[in-house]
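Here come two complexes built around chain A, the first alongside chain B, the second alongside chain C.
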Partner chain A sequence: MDHTAEVREFFKGLLAIRHDRQPFTDSTSFFLSGRLSSVDAVELVVFLEEKYGIDFAEIGFDQSQIDSVQAIGSLLRTVKAVD
Partner chain B sequence: MNPESGEHLRRSRQQDAETTLSTHPGVLDAVVVVLEDQGSGDARLVAYAVPDDDYIGRVFATGEAERKRVQTWRKTFDLSQFGRQASLSKPGFNTAGWNSSYTRQPIPAEPMREWVELTVQELRTFHPQEILEVGCGTGLLLLRLARECKRYAGTDFSSAVLKKLRKQMEELGEDWSNVTLLERSAENFEGFAEDSFDTFILNSVAQHFPSLSYLLEVIQGAIRVVKPGGLIFIGDVRSLVLLELYAGSIELYQAPSSMSLGELRERVFHRIRSEEQLVVSPEFFLALRDRFPKVNRVEVHPRLGYFDNEMTRFRYNAILHLDKPQDGNLELPFLDCSEHRLALDSVAALLRSNPDFLAIKNVVNARIENDVEALALLARTEASKTVGELREQLERRLLLGIDPQKICALGQELGYRVDLSWATSRPDGGYDVVFRKIVDSARLVHQAITWPQADLDASQLARYANVPGLAVLREKLVQQLLDYLRQNLSPNKAPTELILLDALPMTPDGQVNIHKLPVPDTPTG
Partner chain C sequence: MSASATTVPAELASKGLSRLRNFRLIPRVDTYPAVVAFAQTVIGKLVLLALFGMGLAYGSTDWLILTLCLALITFLPAQRRILVTISALLFAFVVPWKFFKQPFYSVALIVLVLTVGALLFWCATLWPRSWYGRRPVFVFLCSFSLLIVIASYTPQGTRAYQLVWDFTNSLSVYIWFICYSLLDRTAPGRDPFSLQLGSYRPFWGSTNTPFAKGAAYLRRIEARNPEQLAVTQLKAIKLLAWSIMLSLCGALFNYCAFGYLHIPQFSEALYLSANRTPLPWYHCWASILVGFIGSLISFSAFGHRIIACCRMAGFNALRNTYRPLSSRTVAEFFNRYYFYFKELLVDVFFYPFFLKYFKKNYKLRMVGAIFAAACFGNAYYHFARDLTFVQRQGLRGALMSDRVYLFYCVLLAAAISTSQLRHRKPAPSGFIRGQLWPSLLVLLFFCLLDVFGFSDRNYPLTEYFRFMGHLFNLNL
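Up next is the complex of A and B:
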């Protein structure tokens, strides 16, 4: 599974726990729109740190960096030079 | 197959499952129904249960789950310091991570400055000399109070936050030798001797605790280390009695005008169920007097401030005085504000007659009067009406309340010390107020007022708080209940689907209205 698919799956899991069955696209905002909480953001951050070795202490953190599948894709390309 | 015997079998399966489910300690009420798939004709048993949230708190929010929530909040605070806002903040005023629930944007500097200054001002009235602050964060209080103290110990569980605080102290370049900073979680009082501080501060921290029992543990630790005559200041606590108003206020603010009230209602319920923070009723702190003999006086008052925001609307400070020498309890006759239809002008007129004291109860709180009305309208208006129509109705309302900050300013201007109280825990945020002519201000600080207050039950403290993260914890109960049904029923009798509801829908004659039960999306199992 490529990183975009993995991130999509992760969001799917977070939404499922909250009984959120609304569809989403790669540009759907999750945190800035309030659809997911700051507690969910932490779960995602831990996932990104563990899975892709991102160190937010080093690169800085802003919720907009992880707000959508697209934003995370862009973050991963910048930080990890993935395709 | 004989249809009667088929029907009988079905009823017996339903009843067995229902009886079994009802015996589970986490279930308050239950019903089991048979749903038939319209296409295939297959029947399946679906269970509906009303959960006991206290049980969920006791069973699922402890141990490992509690530790995980603490770690999650620690990480949230670490992350708040890795951003631009923290890097750009001026020494002494790092408010990174303080976001408005209304706008989801950082709270502007001026309301934050007021919030900090008023808290510091209130603490200064007690002349603290030896302070322990748990959750000192980026030092909003510490950097202002430490200079005036003999000793200031600040603890915080976030290493990133403490790193920023140390950096600010260096930048400010003063003598901070009386300050000790320790990285540790809130319940850790290791190394602090009994009766060694005169003031314990826990400001805007309790909401990040995983449970009420964790808060209780921290308060127990505080009671041990604070000396007789000292105080425990628990500031900026989110009020449980106002949680529904808060949820309604936020959702109404964010809703587009075209949204139906039915959807708005659902969003308000969802926000309450999904609340991630610990929200506590003032009654909890008042009940501590019965739990801990060392606590002999408790005050709870709404947060003050001219800025209208979620802190000044829905939060309060609780002050626990320990073994405080009493200067006689002040028992005053309270005028009922609603009965006498008092407005700010009429309160001013009463004060201008120069009484030594004036006590008024049931003051309508102008800060949240609109939110109270919005929620009442939401409850009684047809679901098909829109948010836009609700807003129009609200605009036509005549507001009668008095702003807590304005009533304080009025009293102070006329030479009175003004104290407010939320000890009655009214669900509309109404408050009581006492004006005392200032003759000896130091004496007034120590004089206890007998406030009107709600009936308390110190043996049932759990009822005075929510269970943070309840929505996710309820999922754990669903799994436990399905396992329980499988273990206690034969395979063909155990429902494979279970839905939790806040209440079972009822018919006017008191039967469960099965037509109003939600239908599960897809068959499973």
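Up next is the complex of A and C:
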């Protein structure tokens, strides 16, 4: 599974916990739109740290970096480029 | 035949249920294409502004100037952000002018505070790799704490005493707004200070908690085109209408509870309990339940009004209070009841801890970060907000009288930690087991916790426990 598919699956899981079965696209905003809360953002942070080794303490954390599947994709590309 | 006979009532029932679920007291006008198109015309904008102004006039003295600011922003969307700054300055200096005891002195103090904010922001952006640039919020909050210590040890009756306290009090009103600016220092497309200033006690209103967070958030939620602006403004009108309805319900509720049923206020029940003449247990319960529901209604109405103004200015901000009664966990209620306060604690205290410490141990990391935010951050916020107590009672006295609230914070943090560490899984199906029962338990918890949250600093912690005992008919 590629990064985008894995992140998409993770979002699906977070939404399922909230009984949210509305469809979403890669550009759908989750946190700024209020669809997911900062509590969910924490779970996503842990997922990204563990799965892709992102160190937010190092690169700086901003919720807009993880607001959508697309935003996470671009974050992962940036982090890889720096590495 | 028999199959259709059984499905028809079922279908009807499901249709009825879905109709009930989709019923709205205030119609979803922001989803009607014709209304959205009308709201984009000049006449439409004038109608929306007139409606909004009339709504604001209910219960606001500054409704006219507020509406004029909103009108200017509505018709000049390209200059929205700078107009927000100008309006914020208008509401900081001009509108309260007649309420200042010494207008020029008060204005000078606010200018000094804003200058401090500007210097901190510029230093953090100019030298991002410096010792200060890497942790500006931490340095700022430590410096502010030091200032409180200095102020409380300055000899009373001197000119320096008055000056230091006046400055500290003025700065305390702005600290969290400055913190949000400092958090924005590394963001791509960061706003210059002139635009950051618009989010320092914005003209649409706030408490010491920045409503709609800081400039970074405003940037992201700003309407990008006339259609988005129309939708956002229609949402604003809906929210203001809801706020007015809640205010009316709140007034009716208070009349019924206190005027008709004569349920005692919580402060009265606590006073009687502390004086060893407690009310019967059912009166104690009634006083805390009524107080909890009343504050839920009035606080929702208050927050909706502010967010409605923010939306009318073209920023599609999330509500401050959103369906708190449907919360199934303690953490969810905390998130839904006072969203922007929770966001402040998360941004300033939770994430810095969570991203830095105990990375190998998830549970410790989570509990540590929750305590940093919901316990330490929460207590610090209220301590910094109520500086008059420090001035009156001295630093030591104020810290001692703050113990009840600190206890409240410890309980809250412990409950949120427990709620977060329990394995998250989809709720059991069924309305009673899945929704009603967990929601009732959460509400009961916050209702009881509120006993410790009400702190007028007149009673020791033991008196609150005594009152809790009376709730269960125990004379402690």
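Here, the second predicted complex is superposed on the first by the 80 of 83 C-alpha atoms of A that agree within 3 Å, B and C clash if a C-alpha of one lies under 4 Å from a C-alpha of the other, contacts with A are read in each partner's own complex, and residues count from 1 in each chain.
Going forward, a residue touches a chain if its C-beta (ideal position, glycine included) is under 8 Å from a C-beta of that chain, and two chains touch if they have at least 3 such contacts.
The structure displayed is predicted, hence computed values, not measured ones.
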| Where does A:21 make contact in the superposed view: on chain B (first), on chain C (second), on both, or on neither? | first
| Which holds for A:78: it touches chain B only (first), chain C only (second), both, or neither? | neither
| After lining up the shared chain so the two structures overlap, which partner does A:45 touch, if you call chain B first and chain C second: first, second, both or neither? | both
| said: Taking the superposition on A as described, I'd like to know which of chain B and chain C A:60 touches: first, second, both or neither. | reply: both
| So, A:32: does it touch chain B (first), chain C (second), both, or neither? | both
| task | Using the superposition on A, tell me which residues of chain A are in contact with chain B and, in the other complex, with chain C. | result | 17, 19, 32, 34, 37-39, 42-43, 45-46, 56-57, 60-62
| chain C - residues contacting chain A, complex | 186-187, 216-217, 220-221, 318, 322, 331-332, 335, 342-343, 346, 350-351, 354-356, 359, 362, 366, 369, 420, 424-427
| message | List the residues on chain B that touch chain A in their complex, please. | response | 72, 75-76, 78-79, 82-84, 87, 104, 160, 254, 274, 276, 469, 471-472, 475, 521
| field | Interfacial residue positions of chain A with respect to chain B in the complex | value | 17-19, 21, 32, 34, 37-39, 41-43, 45-46, 56-57, 60-62
| query | For the complex, which residues does chain A have touching chain C? | reply | 16-17, 19, 32-34, 37-39, 42-43, 45-46, 49, 56-57, 60-62, 64
